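Heads up, the next two complexes both have subunit A, just with different partners, subunit B and then subunit C.
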Partner chain A sequence: MSTAGTNIFVRIYWAATVAMFALALAVLFTYTPTESTMGPIQKIFYLHLPIAISTFIACMVSFIASIGYLSTRKTEWDELAAASAWVAVQLCSVVLITGMLWARGAWGLWWTWSPRLTFSLVLWLLYVVYLMIRMSIESTERRAIVGAVYGLIAFLDVPLVYLSVRLMPDMHPTSVELAWPMKLTLMAWFVPVFMLAGGLIAAKTVLNRRQGEPSPSVAGFPAFPARGAL
Partner chain B sequence: MTRAISQFSLLVRKDLRIESRSRQTIGLVTVLGVLVVSVLGLGLGAASNVAGFSATAVLWVAYLFSGVLCFEKTMAVERNDGVLAGLLMAPLDRGLIYLSKLASNLILMIAVAAVVTPVGILFFGFDLSAAPGTFVAVMALSIIGFASIGTLFSAVVSSTRLQGGLLAMMLFPIVLPLVITSTQLMLHTFRDGQPASGGAVGVIVAFDVIFMTVSWIVFEWVLEP
Partner chain C sequence: MTSANYVIIAYAVGLGLLAFCAAKLWIDLRAAGRKTRGRGGVS
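Then we have the complex of A and B:
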């Protein structure tokens, strides 16, 4: 696809994402019933759950891209792995913040060491460290190898973290029964959140690729070396 | 196979001989572990509401800091006088280098734990009489997992010449499943009087098996003279 064609596609994609978010908000405030026990604060759930699942998908993309890099040594995989991990951190931050707001509204506590909150925190820590490690290594090749190895191990750690936090006492209800309007609202929120996550991963991958390219030399000065995907 | 075992044994003996002659790591790491337990004992132990089984969490803090220092020091030895470059040029499987380094680190960590653990138990008044075998088995299995991943990351940090502190940053979030599982297991066993659940022990064993295998496979990619 030509550059102009790509630009139009990107604009349409982001416009559609914004439109879907607007629709989801409209559904949330006009159609969705208020939950009887927790009240209006429960509405944060419709954002919280899709973002939590998107975080996990972003981590999985980073894991697959890490394996892709280790088996092929192509920088495209490394750029995708770094971009997905970056998006996972951003999304996981939103999960933590919405989770804390919800906990405050529902239980009167900003933080409790419940399994799900702990799981989100550990996931966030794992991928923040991934980004920190990448920022600390100057050599592009070493950064890609170390990043891929850490990305691989961090994702393998996720199910172990999940199993270990299940041993902790839980305040969350074991299962939530949603009425049909609530299920429809949840579906309406999944679409824009998935579009946002996918769009961010694609945009960050392109950005990483551009940062990896050497800058053009200006007026006889030598070009700056490539910075590489962070 | 016999050749691999003799090479493995040679590499482990080399590490232990260097340590026995220089005594650079074991003394330093043990004193650090005792210091951590003492500082936390002074800070927490004075409070009357700290139960004995909190010693597990305190011991983990000591193991984590001691372990990081131990792994850094044992890998730094390989950097001196181009030992690592020599090892990489030798007709050795690099996975074998990982396994021998892991064995050396494990021997050192068990020696450190043998000193630090009784100190922690003593300072916090942790009564182990209900299930001493469970405590020893859980902590030993956890240390194996910790050393497995610590050995790999110490090679990563060493080969990229990253600044100190990064090894701790890399290791701590990864080993959290071990910390959470072992502390929860101790609470269930010593506070609630329940037997150790197979599922919880399974998490620790799974951690050990997964990360030992993965580290053994990827070690050759991260190693660089």
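Then we have the complex of A and C:
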């Protein structure tokens, strides 16, 4: 596809993502019924769950790309792994923030060291450290190898986050029975969140490729002295 | 603070943070694109 064609596709993609978010918000505030047990606070669920699932997917993409790099040594895999890890950090931050607000409204506390919450915080920390390790290594090849090996290890926390609530006693809800309008709302939120996550991974991968070195900053924060690892 | 307020804050902060990330990425991509063109690379 030509550059102009690509630009048009990208613009349409992001316009559609914004439109889907607007639609999802409209559905949430005009159509979705209030849950009988928890009340209005349950509405955080429609943002919290799709972003949590997107975090897992971003981590999995990073994991697969790390395997791809270690088996082929092609830089494209490394760029994808780094981009996915960066997106996973952003998404996981939102999961933690929305989860804390939900916990405050539903349980009356901001945080509790329950298994799922703890493993989720550990997941966020693991991928923040992944980004920091990459920024601290100057050599491109060495950074890619260390990043790929670390990416494989960091991913091991994802199944722990998923299974913790099923295998250990936890305050966090496991599965919730939803009425049909609630399921529809959840689907309306999954679409734009997946589109956003996919778009961010693709854009960040392109940015890594264009720069030929790590991104100068992480989500707007100043770069470390050793630039270039994302 | 009421439950509805927590919901509004959660959506405002969550979507705001993601929008900020997307905007930052877009700005970085444009800057990287200009640099590439400046070097006589991809147009």
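Operating definition for what follows: the second predicted complex is superposed on the first by the 198 of 230 C-alpha atoms of A that agree within 3 Å, B and C clash if a C-alpha of one lies under 4 Å from a C-alpha of the other, contacts with A are read in each partner's own complex, and residues count from 1 in each chain.
Simple rule for what comes next: a contact is a pair of C-beta atoms (placed from the backbone, for glycine too) under 8 Å apart; a residue touches a chain by one contact, two chains touch by 3 or more.
Computed from a predicted model, the values in this text were never measured in an experiment.
Within the superposed three-chain model, A:Leu125 lies in touch with subunit B and out of touch with subunit C [touch as defined at top]. After overlaying the two complexes on the shared chain, residue contacts for A:Leu152 are found with subunit B alone; subunit C is out of touch. Looking at the shared chain after the overlay, A:Leu117 reaches neither subunit B nor subunit C.
In the superposed model, A:Gln211 lies in contact with subunit C only, and not with subunit B. Once the two complexes are overlaid on the shared chain, A:Ala144 sits clear of subunit B and of subunit C alike. After overlaying the two complexes on the shared chain, residue contacts for A:Val27 are found with neither subunit B nor subunit C. Greater residue coverage of subunit A by touch, when subunit B is weighed against subunit C, goes to C. In the superposition on chain A, A:Leu186 makes contact with neither subunit B nor subunit C.
In the superposition on chain A, A:Ile201 makes contact with neither subunit B nor subunit C. According to the touch criterion, subunit A has no shared surface contacted by subunit B in one complex and subunit C in the other. Remark: subunit C residues 2-4, 6-7, 9-11, 13-15, 17-18, 20-22, 24-26, 28-29, 32-33, 35-36, 42-43 touch subunit A in the complex. Across the interface of their complex, subunit A is touched by residues 149, 152, 156, 159-160, 162-163, 166, 169-170, 172-174, 176-178, 180-181, 184-185, 188, 199-200, 203, 206-207, 210-211, 214, 218, 221-222, 224 of subunit B. Against subunit B, in their complex, subunit A makes its touches with residues 70, 118, 122, 125-126, 129, 132-133, 136-137, 139, 142, 145-146, 149-150, 152-154, 156-157, 160-161, 163-165, 167-168. On subunit A, the positions that touch subunit C within their shared complex are 3, 14, 21, 25, 28, 39-41, 43-44, 47-48, 51, 90-91, 93-94, 97-98, 101-102, 104-105, 196, 199-200, 203-204, 206-207, 210-211, 215-217, 219-220.
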